Amino acid sequence: MKRARGVVSPFLLVLVLIGMVMVGSGWAQAKPELTVALSSFSTEVLDPALGGHIVKYYLSLMFDYLVGTTPDGQPSRDGGLANRWENSSDYKRWTFHLRKGVKFHTGDDVTSEDVKFSLQRAIGKRSTTGYAGPLRTLIQDIETPAPDRVVIVTKEPTLIIPTYLSRSLSTEGMVLPKKYIEANGDDVFARKPVGSGPYKFVEQVTGSHIRLAAMDSHWRIGTSKHKSILFRLVPEETTRIALLRRGEVDVADVSRERVRELEREGFPVHFRRDEAILSMWWVLGPDGRTPPTKDKRVREAMNLALDRAEIAAAIFAGKADPAAVPLGLSWSFKDVGFKVTPEMAYPYDPARAKKLLADAGLASGFNLDVYAYQLPGLPEGKALAEAVAGYWEKIGIKTRLIPVDYPAFRKLWVDRQIPGAVGYYNIANRDWIGAYALLEKMAYSPSKPNDTANDPEIDGMIAQVMRQTDKEKINALMRNIFSRLRNEHSGVPVVYLHSPYATSKTLGKWNPGTVMYDLFIDQLVSGK
Amino acid sequence: MLAEPGALALPEVAAAADPASRGRRLPVFSLGIIGLFMLVAVLAPILSPADPFEQSLRNRFKPPVWEEGGSWKFPLGTDRLGRDMLSRIIWGSRVSLAAGVLTVLLASAFGAAVGLAAGYYGGRVDAALMRMTDATMSFPVILLALILAVTVGPSFTNVVVAIAVILWARYARVIRGQVLTLMQLDFVAQARIAGAGAWRIITRHLLPNTLGTLLVLVTLQIGYVIIVEASLSFLGAGIPPPTPAWGSMIAEGRDVVTRAWWVSLFPGLAILLVVLAFNLLGDWLRDTFDPKLRQL
Amino acid sequence: MSRPVIDVRDLRTHLVTGWGTVKAVDGVSFTVAEGETLGLVGESGSGKSMTCLSLLRLVPRPAARILGGQILLDGEDLLAKSEAEMRKIRGRRIGMILQDPMSSLNPVFSIGMQVREPVALYHGLRGGALAARAAELLAAVRIPSPAERLRAFPHQLSGGMRQRVVGAMAIAAPPRLLIADEPTTSLDLTIQAQYLGLLEELQDRHRLALVFVTHNLGIVARICDRVAVMYAGRIVEMGPVRRLFTRPTHPYTRALLESIPRLGSRAARLTAIEGQPPDLARLAAGCAFAPRCPSVMERCRVEAPPETMVEAGHVTRCWLEGGPEVGAPRGGTPA
Amino acid sequence: MLRFIGARLLQSLVALAIISVVVFVLARTTGDPLYLILPMSATQEDFANARQYLGLDRPYVEQYLSFVGRAVIGDFGTSLRARRPVSELIRERLPNSLKLAAFAMGVSLAMAFPLGVMAAVRKGTGLDRAAQIISVLGQSLPTFWVAILLVEFVAGRLQWLPAAGLEGFSSYVLPGFTLGWFVVAGLMRLLRSSMLEVLDSEYVKLARVKGVVEHRVIWLHALKNALIPVVTFAGIYFAILVTTAIVVETVFAWPGLGRLAYEGISSRDFPVIQAVVLTTAAIVAVVNLCVDCLYAFIDPRIRYAR
């Protein structure tokens, strides 16, 4: 006489319900919206003046620049508001002729007053953009002789004004609506931005997504192929790839690790080749280099100890090429006519490295702190630090791996509290003016906190470039700076990184370009 | 991931012993596994076939020996930097067990002290200590570990401190509950009459009676600590590289879960076995020691 | 006498435990007529409670199983019934009162809910009628202001009051047979006496057959008509109360009677029964009482005594036949 | 009963006060937020301007008082990173966390209850063995591992369910299940043991003696008693769900409070860190209070004992 048969409880029904849902729902992704999944939104701000340079990839869709740029970084007359610009003979007055009939999303016309207002705001106290500093020192006055003409007067002759106000660098060149901002104030603008770009702002949920809607037509791209664009924050790579497979996402940044796997499945993968140089450096002490890396031979030995080809293949899945010149931003090499000769490339020669250390009196090696951290666009950060430390261990250097996160390292580096320790960064590649600006920060003693070279000779050359207006002389100076950096082994260049972006199989052609922090999504959606 | 928090003082439900689980035989399975891992941790230098830190990028992501392309040199395959998985798991047992045991001892010592004091003195002392306990219990452990990792940099001690700082609250509440019930019993009054001071009463009378509960809680929590460490490593705040610790090894292997499944599978199995063993041991201890503790 | 309400024949219920199979009920037979009260007496572990549970087929799953025999309720054999049919009998035709009033009532439900439940189940009443009937039941067990008590919770009532509520539920149908498993053990004496009086009143009003399980011979003497003495899962002696109290034939019965203190006779020390209650898992052959029996014989250890008729209605299970020659027991009613 | 709630509210406020001090200090130890906000080229003067603009140059005590003063009325100041009122960020993110936690709790209750009860009712059978295995597995697998395996296989390969995002009901399933998984383990084990005890009790025996049908005996008479310890733990588990969803939010790109806290910490955004920790602490306090009330509701002995 068995007990009462199984007892069916109400809760089991819920389980069945969940099961059913598991089967349903892989609905096709409507195409009018282009979805871009990224691993990090970084500052996630909407106001270009507040550290906007890192999020140019969506700001460039909402705002127009004074000077346009082609995807491979060259200035272009039909990419910016200024369709013509010329400079005075003494290189101190730069005149920009504005395009006619361009309107803000609010319907107001874009005039020279807006350009003046935007530039003054970009170099104002509240601004935290990339190059506000140099512009603040350079610009004397901004004149608006006509609604479609702006003249920028500089204290000293310079060539850099058009590039600094172009899309290739930071956001100082973005033109903002004077009337709208003065009427509503900065805070409202920071939450509901208005620009004159091809897409207008719809909504932002921090930590989740930013949605932009296409204007009917725009001088840059005509009528857009997609009614709206959605930038989604998806921190975990496995999830981004799953979204790509399910067709819920059209573009996703993926790690170099999984490119082969995705290509095998037929997903087109676009590369931003040499997007950044992974360069390591020794942190300077309060008054310059400290032993033992003060000795040039030790610096050379540490460079020779690394097998860059193996690192590129193992850590970066072959999606990287060995680098030779510390801080060597390769996109600027063409402009300045700098050629990387085969001898410059560091061979993998641990034997010679050990000999050099012995010559420097350090046969038994020395203690070295290597800081390990992840960075946006460099998920392999910690693995790289471990690998490099491993190579240095092999030539007798006793390395200590110190994991931190980047802000903590940067504070120690800038406050010079950890002399001799090693850090690294994937420095975004850029054109010669951008390269110059970067060198002016990381290889120029007077710019104190961020210097990594502390080399008087380089300081002299950089100072000259600032005041030079003869392009040929500038090129020669730049070439000498790079050669000097290489010969003095003033850093440890590791590799140039190629960043892969996987797209859905149905997506059209797209060149993510080689401009810092910008993905040229407008190319992808352009109706022209 | 966050498993069994301690019980509060609950009204007594008649504790009819559950004969099946009171079985006399020792939990051979769990004691065996724990013993095995203790042995492996102690004999790591001898057992480990290779140096867990030695890298060779050429041998990265080698599959286990039974897969094609695998070799006996790396029985369980290699990780992203070409380090031998088997050696790292063997050395990892030392780190993970140490983290688990240390954290739990630290937490139970501090928690028991607070619990005993709160239970014994009662009144304002009890209220103050309990408010502190409530505050700690509602402070998210993950955030605390992240903050510690960011301020002082992730390290073994940080992980132990961060988890212990949150865990002690659970011990405090359980021990306090026990002490409250013990206080009603006559033998505490007896001790007071005999002129024993607070310290003697607490250490000689109250503490021994709570040791049973402490032991149960400790075994149940060791597994839980190892799991939390794994989650912290996932967020970058766990035990830092290159130290081999199971949690961080799983976290490292997470991106290549299809291509190099063994990188996170084997440490995961190790964690599963150890946590399983400690949980089963904890259950058995609880059933033999104090069935009323069933609520744990 | 008309057909007995309950007629148990050779009932066997065994228990499978970690320490071997326990013959908790090893061939028990008895009958209880309408209005009659049978006392079930014996030390704990003698199988008294298991016998009662077997009657309701509520032996603890999965350890215990009823192996054989018959349980005839008004002629119908309960062992042949399906679980669904058995459920219709529990409470309606056989009522039961458990021992510990403190835990017999569900602490998280009101008294009202717990009393209304059986009434609704048996009589299909709803709403007002149901509430009224429940109140009547409480009144029947002489609980003051029943309507208000219905809203109370168990922990707000005294032990005695709670046992009355359990009693009320037990007679909700009213049943043919009422089993009272040591209902007064945990009550203090004054309440105990009232409760026994109440039981007798209910029995008379509803012509109940009553099985009263107890180890208190005083109670047996007071309210039982017949008594069955159980030892190690068997009835070792059964007969009219008066006869057993004056001329007990089985040594165990006599030992039980002698272990009751008598008023007025300070002479003899109380004779306790030596030895331990038998381990039901490892019963030796022969009579289970043999190891502790003062007049044990060789045969007792070898062969289990059959049930023999001492006199009409008085049976025993002992090789001494007509009772030992040792000095007759001292009569007199216990305190 | 009201006096009891009043006392509990007071206790929670004291606990929140303690937490506010702790988190204020802890947040500031994370370092200097300006290093993240100001670009590489910022000079000392830029740092001074920014510090003054953001009010970070005021003495700590003054900063704390203004923080707590405004926190009481729900204003947590402006996020240093997003330059938006923190309360707005919380209003955006908190509902997502609560919805996920509620769903996860629902899933775990829906699974833990039947399994837990049946494991007790059918003790020692296959079902009981299976329930125990699920329970221990639940507590032995790191959440992020379960999450990643689910995303990779269920969402990525099998494509049954969305991998991330917040659209319809189906996007709750995977994150909810991952988050709730360990709660199922805990609750089931607890429910099984408390059911085992209740099934041995006299009042369950009496119910059966009364002829009450079996499933009513189990799901009404027995279960309501077995709920008492479970309710207490459900409160604790819910609090854990809300406060430690970071891992699940990271993998499933779920814009919840945990993610906000993580972003806050990595960008040294003091107001956000303070706000998130206080909010989660407040949620935990409220949940515990509800649990105690529910507790009293279920067990009348408590209701009248106070």
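Per-chain numbering from 1; labels A, B, C and D assigned in written order.
As a working rule, a residue touches a chain if its C-beta (ideal position, glycine included) is under 8 Å from a C-beta of that chain, and two chains touch if they have at least 3 such contacts.
Please read these numbers as outputs of a predicted model, since none were measured by experiment.
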Central chain (by mean CA position): D
Longest centre-to-centre distance from chain B, chain (CA-based): C
For chain C paired with chain D, centre-to-centre distance based on mean C-alpha positions, whole Å: 54
Whole-Å separation of chain centres (CA-atom averages), chain A against chain B: 43
Chain centre separation (chain A, chain D; CA means) in Å: 37
Two or more partner chains touched - positions in chain D: 31, 124, 148, 152, 201, 213-214, 225, 250, 266, 268, 299, 301
Junction residues of chain B - those touching two or more other chains: 14, 150-151, 254, 257-258
In chain A, residues with contacts to at least two other chains: 3-4, 238, 405, 407-408
Sites on chain B touched by chain D in the complex: 1-5, 7-8, 10-11, 13-16, 18, 20, 127, 130-132, 134-135, 137-144, 146-147, 150-151, 223-224, 227, 230-231, 234-235, 247, 250-251, 254, 257-258, 264, 268, 271-272, 275-276, 279-280, 294-295
Touch list for chain A against partner chain B, complex: 237-238, 255, 257-258, 261, 307, 310-311, 313-315, 372, 374, 379, 382-383, 386-387, 389-390, 401-405, 407-408
Chain D to chain B touching residues, read off their complex: 11-12, 14-16, 18-19, 22-23, 26-27, 29-31, 123-124, 136-145, 148-149, 152, 182, 185-186, 190, 193-194, 196-198, 200-201, 225, 228-229, 232-233, 236-237, 239-240, 243-244, 246-247, 250, 258, 261-262, 265-266, 268, 273, 276-277, 280-281, 284-285, 299, 301-302
Chain D-facing residues of chain A, complex: 3-4, 7, 9, 11-12, 14-15, 18, 21-26, 43-45, 47, 50-51, 53, 125-126, 128-134, 187, 190-191, 205-209, 232-236, 238-239, 241-243, 245-246, 248, 405, 407-408, 410-411, 414, 441-442, 447, 450
Parts of chain D lying in touch with chain A, wherever the complex brings them together: 31-32, 35-43, 46, 49-50, 53, 81-84, 89, 92-93, 107, 109-111, 113-114, 117-118, 121, 148, 151-152, 155-157, 159-166, 168-170, 173, 213-215, 218-219, 250-253, 255, 259-260, 263, 266-268
